[in-house]
Amino acid sequence: MTDLSNLCLLLVILINFFALGSARLGACIHAVALQGAVLAVLPLATLGLTGHALFLAAGALALKGGVIPWLLLRAIREVRIRREMEPLIGFVPTLLLGALATAAAFIFADRLPLIAGHQGELFIPTALATLCTGFLLLMSRRKAITQVVGYLILENGIFIFGILLVEAMPLMVEAGILLDLLVAVFVMGIVIGQINREFSSLDTERLSALKE
Amino acid sequence: MDTTFLPRAALHLVLLLTCAPLLQGVIGRTKALFAGRTGAPLLQPYFDLARLLRKESVFSRTTTWVFLAGPVVGVAVAILAALLVPFGALPAPIAFTGDLLLFVYLFGLSRFFTVASALDTGSSFEGMGGAREVTFACLAEPTVLFSLIVLAKLAGSLSLTDLLGPHLAAAWSGPAGLSLGLVTVCLLVVLLVENSRIPFDDPNTHLELTMIHEVMVLDHSGPTFALVMYGAALKLMVLGAPLVRLLLPVDTGSWAGDAGVFLAGMLLLAVLVGVIESVMARLRLVRIPQVLIGTTLLAGFALVLVIR
Amino acid sequence: MGWFVAGVLLTAISGVPGFFTTRHGRSGERLACLLVLTGVASAAASVMVTLGAGSPVVLNAPWAVPGGELALRLDPLAALFILPLCLVVGAGSIYGLGYWPQADHPGNGRRFRLFYGLLAASMLLVLAADNSLLFLFAWEVMAVAAFFLVTTEQERAEARRAGFIYLVSAHAGALALFAMFVVLARETGSLHFPTAATLTGGSATLVFLLGLFGFGVKAGLMPLHIWLPPAHAAAPSHASALLSGIVLKTGIYGLLRLTSFFAVIPPWWGWTVLALGIVSGIFGVALALAQHDLKRLLAYHSVENIGIIAIGLGLALLGRSFALPALVLLGTSGALLHVVNHGLFKSLLFFSAGSVVHATGSREIDHYGGLLRRQPWTAVCFLSGAVAICGLPPFNGFVSEWLIYLAAFDVFQGESLTLRLAVLAAPALALIGGLAVACFVKVFGIAFLGEPRTPQAAAVDHDAAPSLRGPMLTLLLACAWIGLLPGTVAPLLQKATTCWAPTVKLASLGGALAPLPLVGAVGWVLLIYLAGLGWWLHRRTRNAPRDVSTWGCGYAAPTVRMQYTASSFADFLVGQFRFGLRTERHGGQIAGIFPPPATFSSHTPDAVLDRALLPGFRQVAHGCSWLRARVQNGLIPTYLLYVALTLVALLIMVAH
Amino acid sequence: MLAALILIPLLLLPLALVLPWYRLRSWLLPLAGALHLLLTVLALGTVADAAPGDWVGLDPLARLVLLVSSPLFFGCALYAVDYLEIRRDRGNRIMVPCLLVFLSALSLAAISRHLGLLWVALESTTLASAPLIYYNRNRHSIEATWKYLLVCSVGIALAMLGLLFTAYAALLGGAPVSLLLDDLLAAGPLLSKPWLHAGFAFLLVGFGTKMGLAPLHTWKPDTYGEAPGLVGALLAGGLTSLAFLAVLRSMQVMAAAGSLPLARSALLALGLLSLLLAALFMMRQNDLKRMLAYSSIEHMGLLAVGVGIGGLATFGALLHMVNNALAKGCLFLSAGNIHRAFASKRLSEVRGALTALPFSGTLFLCAFLAVTGAPPFGMFLSEFTMLRGIFTDGRTWVGLAVVLLLGVVFIGMAASVLDVSQGEPAGREELFTDRFLLVAPPLALLIAVLVLGVYLPEPLRLLLEQAVGQLEGVKP
């Protein structure tokens, strides 16, 4: 079933680029939701229909594909912010950097010693590429929400990697991780709400009163 | 303390106490002769002292006992220091390693109290005099030390008696002759400074602003002034003694002979001072430090000559 | 040794009971004074016993901290520092009863006494410690306690500034000592002090440099003296006495102890210490001459005297490098004796200065005048202290300087030509002595003689109270004793030198090498002369008229303002040192035939602190805040960038 | 019993949520703290070291961290009672539950033997403390919270990747794939080096962010500056120790795999950088609490340097961790009092704390002396021991650099602290005065540091020795 998983991974990478390139906040969030949904397919594609896989799939679908995006959408709806991304550095440079990062990820992954099963699969390069994408978004976007999106993509990258190592992560821990992620985003949502109340904008550059 | 201590000490003191004022007389006479006057009799200083002692003192209401301490310390120190320095070939009654430093510091003590008693009057003139006095003394100290080091190096001892021992005669002709000469010059300068003589000070100027030492004793009168003058005379003799020994290191072998040589030397020195006072003008105040620093350098050079 | 420990403990806790007494009651301070006295008495007694015993007394008890060990060791070297400490601390605590009574200082009196006791106890511990950790422990406690003494009047900005400068420099020194002792421990393998003259280490240079810095800061060697003048000026007078008389000496003690460890002393150590000593001596006294603040002036004289001690120490070190036993003996004993002497007469001076400040309420010399009539006791004490600190016979200062002179002359015994250059210490000492005379004549003359210069000086109505007078006279007696019977201290100096340089074969001090008894004898003769002449003159002038005014060169109406002031007295001499002092002069220009009223003032800032360090630090701090504004710029993207960069850097690092 | 450590706060949680009485709710904190402390002491006494395969269990390092954090929390909890009393306007409905969760997560992190579990616990502490930082509800606090949340979450996410890398190293090495500490230690040499090292880099960045090592420290000044004093105390004393524990865990794995030197040099580099940054940034710091934050960065740097050197220095570092937790607690709590009393933390506006608040001011001054390593406080011993370690290890230049930086830190800190504590009090609100519960806890912490400065109990010494043994890769 590697072709299916590879397909999903390719999809993930495309979504990364979309997220980097899209100018609309809402679209971006939807993209992340889609990415979450795609990720939900991966465990099934790799592990078959084991309980663990099912749990992972369900969790990913529910949280990454459902709840969290919904939270974010609600947040932007509540705080009625303009939907632009307002990048610190323009879209084209971001995209270029993203492309570079992805390429680097692939090369780096090639260098790494892998077990036979993972040779030639896209898991590790995709994971790293997604990680870099998340970082790029975090570092290049202004709005608090976009940064949350970046954080989500970062997490997704890690999730992809995690699928390779389900043995290492017993269910309980996985549950904890997902729960933490949920709570994190939840708290972030609350904080965003507060920020909006205080600053009447989600522009994080306003959040630079504390320095030195 | 050997048995000869007491007679030697007695001889020292007699020489000092009796002959000191005479030197002042000689200096005065020399200057008078140069000026083409007859001048006061040689024994004039004795008469002055006697007259002052007979008189009554008058004290400013500002003064305290410190005012009296100045002259007292001056005389006491001079007498004590005399016991540490050889008069010509007559060895010092009290001689031990390092007595030369005691010798130097005793005069420091007398300076301290002289200036203190000057400040005791609260007069700005006397304060000024004191300031100048201590300044020059400070600048003269290193010179004295350098010269003493040179002599100590030559003698290989730290006692004035050995420093000015019989070896000097040979040393003059030896390789150290040059530095001895330099040292002599330096000590002469120090002598003139310490005894506030021309070209550094004018003992009988009549304008307070120009005075250095004399201005400090303006308020003394009667017996205290006698002590001041007597102290000055003793100081001249005590400080002159090493110079005399340096210039004529002669040992006759007999006490009387040595004493005679020494006295002759002292008188010659007095004449020399008189001559200097007559032929030189008084230096401008600001020049004096420069001259003193120059002497220090000379002395240092003398030292370099001997330690290499 | 038990007595010693008991003494330390008693002194340490002396201030505690005061906190349980009433805010204004006298019981607390009396109890504290009593405790301190018993404490130092027992400590001193144990030290005396030690000296009698001959062999050093040691105590080794376990201490449950890493590397710790309660190792105490009392040997003659330590004893020489401990005895004056006990005397000064005891005298100071009595002095405090009258000078800093709880009734007048309800706010800070108790705190002051607490830290006074702590300071004394920690110093006792420092001097007896035989283990690096214990030493550092006591050393730091000492520093902190002294800091609180300096900032006793913390409501005054001056005191706060002084405290800050002191604390910072003390801590910097302490850190250097941390490093030094650690390196030392690396050499010896344990934190216990090595026995004297055993160490032959590779990193001796590092140890010496660190030690020189750490101890030099505490001792106040130029240019590390920065903390000294402000701290001494700001602290209450008996605290200043303790600081200047004893605390500085712990630095000297440290240097001595440290150098005693090494088997071989490289010549450059001696040269360095000697050079530092000469610089400190000359510039210390020159700066002192330029001060108008009585206590700052005394503080600069501490720098000068530390310089003199360092000269002696440097000569002794040279003596060890060039194997000249006489030089070692003379230099060390001169330095050690000067340590004791300075402790005595500097405390005496600070005590009498305190009595003056207490009476006039000012520290400006030019605000005094004519105090001798109003405070005869204080005047006599100050005068004797002044004569002693100028190194003039017949007081103790002369004896120690005399020994150092002899050491300087003794370099001619050596073959090496370079060594002979060390004789230049003698002229330097002479210059220092001359300047010191000038300075103290100035202080004594301006402060105690002439007419009162200000109303408050004229209004002084009380001399030092008995509780102030007693300690002063005690110290005065001690000074006179060493000055007139120097032979009595010779054996102690000999022992101390032996335990500093056990390997050197020493001649006996006080014999032909340095006939101390004769010096004392001359002092006696001088006293007899003075007494005789003075008595005669007094008799002769007893009923002389004393009602005329000073001869004003014909000017009939002199006012007290016309008297020579301290600055004008020093001006001519200070002028000779303008290159080093850079005195700032303001005003004083008069013009025209009928000039308008003009004012003149001169101020001499500290050459190192005010001219170099503070501006430098200001620059550095400015640079730091600039950098901080750039790095910590408040933008999350930047912060995340740091994270990413660190990650990349670490990945690259682990890749190799 | 270990489970109880985690559960007790959670059991009290619903109570905290439903209880209508304000003061009673506040008292839940000391209750939880006391029980926790009691259990900790019992556990330390009775519970044996964890057996391989346990998910939670004690070992010397865990004992050490528990020993530090439990008393600290108790102290802060007591302090909280009166603090919340004077902050009734802000309420405690959020504060108390969050603190309870924090305590529970903290204990879990301390005793978990599964790295994944450790990760979860750490992330939970982050989330639980976020609302605490926002306690003051103003622009600054919200900003601080946001930064704290984002930077720490990103960092911790990276740590997660690091864990996965480590697991992959096991996978590749043919060892059993597990994140149980004991399994990893057992697998030791089998682990594939590249993955392990890369994983360590990620872990170090992740946990280092939480620990506040420069240049990952950026959230610290904002957070400590805006959070209430007791939260600052908990973060600077407790959370940092936990993060340090996490770093030490990853070092253990590295040691087992025989890559200890690499791990050490990495830590040493970060530590020195932190020292340098802290020293420079403390100069002219015009905000009291931010200054304390930089001081905390400095001490984290010291810990890293100590562990990075190893041997005696590690011993010193662990001892320093204990002292740091206690002293920081006292420092932050007393600083909090001063902040309340003057209603400002700008140095330009705070003066004469000694006169205004005799107790808090004195405590603050003493705590300052303690954290700068002046005897008779414990940090003097630990810093000196560290220096001994460094020099004995032959790293003369490192040692001199550390000494120099400590000096600079002292200058910067002394300037601010002395200004605050001395002088005539100016512009303070009279309504605040020292209250017993606001003074007693910091005093107790200070006394603890003092005792550690003059006497190191034998059991503690043994514990430290064993912990060092663990880090050096010595199999117990």
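What to note about this one:
So that you can tell them apart, the chains are marked A, B, C and D in the order they are listed, and the count of residues begins at 1 in each.
Keep in mind that, in the parts below, a contact is a pair of C-beta atoms (placed from the backbone, for glycine too) under 8 Å apart; a residue touches a chain by one contact, two chains touch by 3 or more.
As the structure is a prediction and not an experimental result, all values here were calculated from the model.
With contact taken as defined at the outset, subunit A and subunit D are each touched by C.
The minimum number of touch steps linking subunit B to subunit D comes to 2.
Of the two chain pairs examined here, C-D and B-C, the one linked by more C-beta pairs in contact is B-C. Chain centres here are C-alpha means, and the one lying farthest from subunit B is A.
Chain centres here are Cα averages; for subunit C and subunit D they lie 43 Å apart. Taking each chain's centre as the average of its CA atoms, subunit B and subunit C sit 36 Å apart.
The distance from the centre of subunit A to the centre of subunit B, with each centre set as the mean of the Cα atoms, comes to 100 Å. For this pair, subunit A with subunit C, the centres built from the Cα atoms lie 69 Å apart.
In subunit B, there is no position where the chain touches two or more neighbouring chains simultaneously. Along subunit C, residues 625, 628, 632, 634, 636, 640 each make contact with two or more other chains.
Looking at subunit D, residues 146-147, 150, 154, 198, 221-222, 281 sit in touch with two or more other chains. The list of touching chain pairs reads A-C, A-D, B-C, C-D. Contacts from subunit C toward subunit D in the complex involve residues 64-68, 133, 136-137, 140-141, 143-144, 151, 154-155, 157, 160, 163-164, 167-168, 171-172, 175-176, 178-179, 182-183, 185-186, 203, 206, 617, 620-622, 624-625, 627-628, 631-632, 634, 636, 638-640, 642-643, 645-647, 650-651, 653-655. If you check the complex, the residues on subunit D that touch subunit A are 114, 116-117, 119-120, 123-124, 127, 130-131, 134, 138-140, 142-147, 149-150, 153-154, 157, 160-161, 163-164, 167-168, 170-172, 177-179, 192, 194-195, 198, 221-222, 225-226, 281, 285, 290.
Across the interface of their complex, subunit B is touched by residues 369-370, 372-373, 383, 386-387, 390-393, 398, 402, 405-406, 409, 412, 417, 420-421, 423, 426-431, 433-435, 437-438, 440-441, 444-446, 449-451, 512-515, 518-519, 522, 525-526, 529-530, 533-534, 537-538, 540-541, 544-553, 558, 560, 562-564, 568-573, 576 of subunit C.
Taken in their complex, subunit B has these residues touching subunit C: 56-64, 66, 68-69, 71-73, 75-77, 79-80, 83-84, 94, 96-99, 101-102, 104-106, 108-109, 111-112, 115-116, 118-128, 130-132, 134-135, 137-142, 144-146, 149, 152-153, 156, 158, 208, 218-219, 222-224, 227, 289, 296, 300, 303, 307-308. Of all the residues in subunit C, the ones that touch subunit A in their complex are 625, 628-629, 632-637, 640-641, 644.
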